[in-house]
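One structure follows; several queries about it will come next.
Each chain gets a letter, A, B, C and D, in the order it is written, and its residues are counted from 1.
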């Protein structure tokens, strides 16, 4: 697998692999990676988009359910490792947010490479709704150019 | 989305959506689906392939880490719902097991549709190893014909 | 520790120790026992008290938050073990439900011994409310006599 | 409940209440508090006692299973809240470590108050072993005086 360069528009957090994340084989149990991804999206909304989940969900009555994920678990991670987590926007629809999430080991090698699609939703109806303009203006700041997406994923 | 017919070679279990699976929006938190999938694979190995995880991992020193998942979350599930979970084999490599997992609601509609790749591994080295013949003979009993895989996923 | 005899009024379920429950030491990660307990209470409400959580929470607007737990982890449990889980009522207040939960290994020895206090709550206000008479009538069927509680826990 | 003053010998970390921690009632699902406690002990061993879990478990072959917990869930916590988590040592045996963990809300009020007992263990045998002198010397730095323990918990 050719490793994809991390674009400059990305949101970054460090993620510690904890005892609670690891299975009897001593490596991260893969559903725990999905919890890490959800935490990362939560941090991104709070710190990168200035829309904390408490406000998004409780005050606005909106949600961003994940409708699709495509994940390669490239290399296992072990307890105590400090991973680098990167998130960026690949594509924006009227109500859909296509993101990439890459987890890298301390040496910069890929551990987990993920593409996800979130849908902006009205919680009271459970139906998709248009992303508000104010939020859209912030989302585009994390969006890579089309060229990079193409190079990244010719089959996407 | 055209719903895929469940093949006759599938492994089947019922899965109850529990309080612990649900998020503040009252629907299954998506990493919990991945835990359900792992439970299903565990049940399949024990009851469908006669190789319980305790024997697989502790006695034989083997593992089956998930290296790829591709999941569509088609429709949300709620607490107390009894889902039908179906698993079958799409393709078998020397050490790789390509499976499909479909979760359906009580009315037979799709909730979650997943493709996963597991790799048969030697835990002491962490490297892939050939699937033993005895296990391979059991795995093929859950394998759909090529035609059905193609119809299912022309781009796979 | 003198093992406590399981009273006849108990609710019983079998609980399989799964891969997802186990930590890098190969034994159940202790917060997972608390999830098993919550599942047991959920099963008890549905099958023993005829009040499924979906009805309790969504239709009635009630909740039963746990306000106290006291747990002895007597002996570790391992993947693939089929535990026996027993639940009974130790004491009933106007709005509080004091329960015992015992998990035993296949040989009948104690694995986890727990006392918990649940409080019947109105979800809209978050405040305790009186247990409805219909539910109270069912709860007393799982209640041990005072003598047994005293013998069980002189310091409670 | 009289709130206990936090002693000066305590280990402190801030804990963010995340989406993944919360249940359909919008409050922290109580087994998730136990995961927070395990994370806190993990941070304490790494940063307070200079013995990271990766070294403790993988290199030394030791473990610290929790054998007892006693937890009061005083007040619910909600998504986005930044809690203060305090941990200190109440008592030290030859191989047992009695700790207190208090979680407080942003206003300093108690949310969860816990007492736990960990046992220093040899993972190869699963049996208790004496706490090494080097570790004991660090543990005592987080130990409150007997008087405070008595005032804290007259019935312990």
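As a working rule, a contact is a pair of C-beta atoms (placed from the backbone, for glycine too) under 8 Å apart; a residue touches a chain by one contact, two chains touch by 3 or more.
Owing to the predicted nature of the structure, the values given are computational and were not obtained by experimental measurement.
Among the remaining chains, those touching chain A as well as chain B are C, D. Both copies, chain A and chain D, contribute mostly matching positions to the interface they share, with over half of the numbers common to the two. Among the other chains, D has the CA centre that is most remote from the centre of chain B. Repeated interface, listed pairs A-B, C-D or A-D, reference B-C: A-D, with more than half of the contact pairs matching by residue number. Chain C and chain D carry the same sequence, and matching their CA atoms takes a turn of 180 degrees, rounded to a multiple of 5.
Separating the centre of chain C from that of chain D, both taken as means of CA atoms, is a distance of 24 Å. Chain A and chain D have Cα centroids lying 31 Å from one another.
The geometric centre of chain A is 37 Å away from that of chain C, both derived from CA atoms. In chain D, the residues touching two or more other chains are 19-20, 24, 26, 29, 31, 35, 38, 57, 79. On chain A, the positions that touch chain B within their shared complex are 24-25, 27, 29-32, 34-35, 38, 57, 63, 65-74, 76, 123, 126, 155. Per the touch definition, chain A reaches chain C in the complex via residues 19-20, 22-24, 26, 29, 31, 79. Chain C meets chain B in the complex at residues 18-20, 26, 35, 38-39, 42, 46, 52-54, 57-58, 78-80.
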